[in-house]
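Next come two complexes, and both contain chain A; in the first it sits with chain B, in the second with chain C.
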Partner chain A sequence: MTASAAVAAPGAGRAALEQARSSRRRASVRLTALLVVLLCGALVASLSLGAASASFADLVPVLLGDADEDTAFVIERLRLPRATTAMLVGASFGLSGALFQSMVRNPLASPDVIGVTAGASAAAVLSIALLDASVVFVSVAAVVGAAVGATLTYGLAFRRGRTSTVRIVLVGVGVAAGFNALTAYALTRADIINAAEAQAWLAGSLNGADWEDVRAVALMALFVAPAVAIASWQLRAIELGDDLANLLGAGAERSRAWIVLAGVVLAGGATAIAGPVAFVAFVSAPIARQLARSSTALVASALVGAILVTSADLAGRIVFDPNELPVGVLTGILGAPYLLWLLTRLGSISAR
Partner chain B sequence: MQATSTIDAGRTRVRLTRSAGLALCVALLGVAVVASLALGTRQMSWLTAIEALIAYDDQLADHIVVRAQRLPRTVIGVLAGAALGVAGAQMQGLTRNPLAGPGILGINAGAALFVAFGIFQLGMESITVYAWMGLLGAAVTAVVVYLIGETGGRSHSPIRLVLAGAAMTGLLSSATTAILLLDVATLDQFRFWVVGAIAGRDADIAKQVTPFIVVGLLIAAATPRSLNAIAMGDEVARALGTNLGRDRALVITSVVCLAGAATAAAGPIAFVGLAVPHVARAIAGPDYRWIVPLSALLGASLLLGADVVGRFIVQPGELQVGIVTAFLGAPVFVAVARSSRVSDL
Partner chain C sequence: MTASPLVPGTDVQQAPDGDHPTLRADSLDLRYDRELVVQALSVQIPPARITTIVGPNACGKSTLLRALARLLAPASGHVLLGEQDIRQQRSRDVARRLTLLPQSPIAPDGITVADLVARGRYPYQSLVRPWSTEDADAVAAAMEATGVTEVAERPVQQLSGGQRQRVWVAMALAQDTPLLLLDEPTTYLDLSHQVEVLDLLQELNASTDRTIVLVLHDLNLASRYSDHLIAMAEGRIEAEGDPEAVITEANVRRVFGLETQIVRDPVSDTPLVIPVGRAHARSTTESTATAEELAPDEHERSAASIGGTSP
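What follows is the complex of A and B.
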């Protein structure tokens, strides 16, 4: 009797484990489906709402190709590229935030932990405020700034051929502080017209996004996809800490390099297109984790980011009509209360 | 026997490092204070500067400059720097998060929003009024963050506080940005406040913020033991007999007084509170009875030193202390972060 119970127990345990696993998988599929539906809703709303006369009913003829010229122009040339850019930029920020937060095991982390945003902002604001530069020049400057910031942080975090999470985080704090001081300096030195323009860039805006921007973000996504795939593969091991990751054969140092590369390209590229859209990189991952109740939720983070930016851009366009508020103002105003509400509502909080 | 003597030797070494570090920090602050009194566009010897304090003669122009201009700004520099350093150390200890700073309760963002709103809607123009507005904004925000972060939800977790503070910061910064984009005139005033400066602060502002900072420091002096306990985790702290709810509330009160007053007096200077505690930790190890006073001394020295340097970099005029702090402090901080002594929380 006791013997048979002892034999039965492991089998029962395995079955329970299997059941728990499959129920978790089902929950994560359900969440992903829900987020995709929400994103589609936000996209359709972005295409059909706005100042011009194109409406929800006009969408179908435009997609079939037999709409009148004006409507087709508004939707195909103005709203569709803008909404697509919003979606891609949001997904990039959300994903990079999730990668960095998981890598350094700190919910306060964002792409700025490695100096990306601070570097991009400093370069862009310097070129706007002091050089009076064109839009394209500012974008290029932002990419260069992001690369410089990330390289400085990652490079300085090496010691005897190795990095560590603490060193990356702390060196990043220092590097970001230096760049932010540069930004503040440029803002106080510029004349007020340029300072206002720089402030608008810092808020992050999708105004005037066109198919060129979509192509740029899509190219970046294509380039970064393999790195993200490798990074997500190794993230779970890295999350356990360096020693355990090495023990599991994940190669902590190499894994970290992939994660940094993926996160930097995502955040840097998105910043160059839309400016440092406030808050998306920070807030997407915590919201996704709360919804998914799991420590890493990369896909959900990307979707939350995409939904947040798409709907924030829409709100900025239509709520204050005929004025327009930049997307970066609305991401904070929409995203923060939702996170605060989640925090007061839910009992348990997962750290990463 | 051998083991005991090794441990004793280790203890002696730690005590020596700490005492030497403390002495060095005191000396550093002394030099910074004298330099801040004596150096500037009007040059004088440090003896004259000290004379102006102890044997004031209102016939001498040098003495008047020291008393009327340099003394208030030096006092504010010392108070604000010490306050930010201590507040940062306390926040990092409380949340066990190396990325936490005094701003994590939303204090900087709250102060910034209130100041921006004050300029935009109420037409405020003087630094003294900014200070009151900033103090009010800091306090209101911190209370909201505390209520959501500490009392919301079913179970306590330092992450809730950290996330609530960061979310609040995001919300309020967005509102501030909206104001700045709507009104260029507000931006034109706000941009000089937001970089952080102690130039042009008079004795009134020093008198206004001193009580808050003194109260904050007094509470801070009473809490390092609790921070040491909290560092070991909530369960261990509770098992050691710490009243966690009360101690956390005390620490947060202290941080709000300190960081709120510092921001009110000098603008939102984030870097001091974020970086200084890590340097203090590298000197003294994980004991908050040492980290807190060292952070106070280092914070004051950094802010005051940066202010003095800022008087000379851009001629004519001055570079704001918030900018210089980061320019000077960041390389030093990166060097410390690269050293093997720096540790996780």
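What follows is the complex of A and C.
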């Protein structure tokens, strides 16, 4: 085999490489197109299905601006902002999960397992329940809380510059438990109306999402986009491990800082808007990696997250009609078994 | 087969520093946690040669290699790449001149061979200029040199141990550094794959004048494939130089605490280490003596008998 490669015509390697690269490119374009189509389907379904009278047939006139007032209201004011928020929140969670998981090289190191989302929740609930704060304040508090959660987990998991996946996961679970206690405390101290609002938010709900929420997530996405771009580039080195990242000139510490920054803002921002929508960050990237058959698939992870949240929100809205199930309950039903399955494999993962 | 120099040494000596940046260490102290692993070590790596560091477990050889590749900050002393301290140079510049293949690296889940080898081009790329024809040339050449072209589209995890090791070597080659350090590149490989990897490194050294620094456990392979040997024990260099000079019974006893006999490698005419072992410790000294005494007799007798039976 070695011999045949050695005598192969010069340029054979070049041709094989070009072929490998272009087939990978084609596969990723195909996958992205497929996911975009699925997402569009979920969006159209979200806009046309529901308790109110507006239906699929009403969509076109609404988009053209010549629908009757009631239908326009239902679609433009209720369903469109809600579906858009679902999409953006899902994409943020999916991307955040992909960044964290690839950086630590383990699916368990997702923001909703290692205390990042829990930190965001605690900060947000504290500001909703005790301070009765505005949306902007809650968002900033959630991002700060996410950063505190990430810092605590990594700070405690590293000992003399070294850590292991098991340590990160165990410390993360501890950090998350601490934040959950803080959240529970805030709920008991709040007055009944604020507590109810915080409780609804905690379940991870998109009920009542409006254009203000869309603006908030879009703003956050815009702000974090450069960091995500840098992080995605540096992930190419850091996902090979700290030593190889340093040997490739990437600087493991600096790379990690960018990736954590991008991941924390995405997870914190999304949590602020929709609550800790359970397990979306956790399951999106592994699904995307499976579909893409590659080591990291950031775009696909974002799309999978968007599809998951949009369709889970739709399902929560229509399946249990006239009651409404919060989106986080549905994603939780999907994510919990996967988490359990991964935890049963934790021994073999850490043994590698 | 006669002994021949692995590299025609004459012309490489005058090579300018630009092609062969020198690598040396100046009175290094290296610590892991609190423990001093390497103490006051100075060493110069001969350019365009194959240098192998040998020594018993925990003698500090991998630690030294990590410090030379700036993965470990010295407690005191310096590593100089060219004329400058390696830790004061831009990491991207260093990454274009020196790399290390760590011991048993782990590939990310699902990555393909071509993708992994392409990661070696990271120091030449940026977010705004992610891929160039030079990158394609270097990756293709690295895959061809290591014979992994046919498996370019396969996931790395599906490959056998030997193939996987070749893929990692390919990634290091794609980085196109004049200095290539490898930490036990033959670990976990069977003998044929060990020889294959070392042959590959030897060919690379001969064809491209790369400076290669290895850590190896096998003294016989080390003395066969190296131009220069560094024998370490307890964080110090105990012997250094030509394999002929370093691999002696006295040195092996001092460095490894092991009784051996050194014979000639019948294939490469380099030193071949035969460990004595406790079971043979007494009997060998006796039997060699006896053999030497008896030998002339034996020869005469057999010669005589042959002579006797021939017509």
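Here, the second predicted complex is superposed on the first by the 249 of 352 C-alpha atoms of A that agree within 3 Å, B and C clash if a C-alpha of one lies under 4 Å from a C-alpha of the other, contacts with A are read in each partner's own complex, and residues count from 1 in each chain.
Note that a contact is a pair of C-beta atoms (placed from the backbone, for glycine too) under 8 Å apart; a residue touches a chain by one contact, two chains touch by 3 or more.
Keep in mind that this is a model prediction, so the values were computed, not measured.
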item: Partner chain in contact with A:Phe279 - chain B first, chain C second, else both or neither; value: first
item: First, second, both or neither for A:Ser48, with chain B first and chain C second; value: neither
item: Partner chain in contact with A:Leu340 - chain B first, chain C second, else both or neither; value: first
item: Touched partner set for A:Gly332, first chain B, second chain C, both or neither; value: first
item: Which of chain B and chain C A:Thr71 touches, first, second, both or neither; value: neither
item: First, second, both or neither for A:Thr32, with chain B first and chain C second; value: neither
item: Partner chain(s) touched by A:Val175 [first = chain B, second = chain C, both, neither]; value: first
item: Contacts of A:Thr151 with chain B and chain C, given as first, second, both or neither; value: neither
item: Residues of chain A touched, compared between chain B and chain C (which is higher); value: B
item: Chain B and chain C footprints on chain A, overlapping residues; value: none
item: For the chain A and chain C complex, residues of the former touching the latter; value: 1-6, 8, 11-14, 16-21, 23-24, 102, 105, 160, 229-230, 233, 236-237, 239-241, 243-244, 246-251, 289, 292-296, 352
item: Chain B partner contacts - residues on chain A that touch it in the complex; value: 106-109, 113, 156-157, 159, 165-167, 169-171, 173-175, 177-178, 180-181, 184-185, 187-188, 192-193, 195-196, 199-200, 202-203, 278-279, 282-283, 286, 325-326, 328-333, 335-337, 339-340, 343-349, 351
item: Of all residues in chain B, those that touch chain A in their complex; value: 97-100, 104, 148-149, 152-155, 157, 159-160, 162-164, 166-168, 170-171, 173-175, 177-178, 180-181, 184, 187-188, 191-192, 194-195, 270-271, 274-275, 278, 319-320, 322-327, 329-331, 333-334, 337-338, 340, 342-344
item: Chain A-facing residues of chain C, complex; value: 33, 69-71, 90-96, 99-100, 102, 105-115, 118-120, 122-123, 126-127, 130, 136-137, 139-141, 143-144, 147-150, 152-153, 155, 175, 196
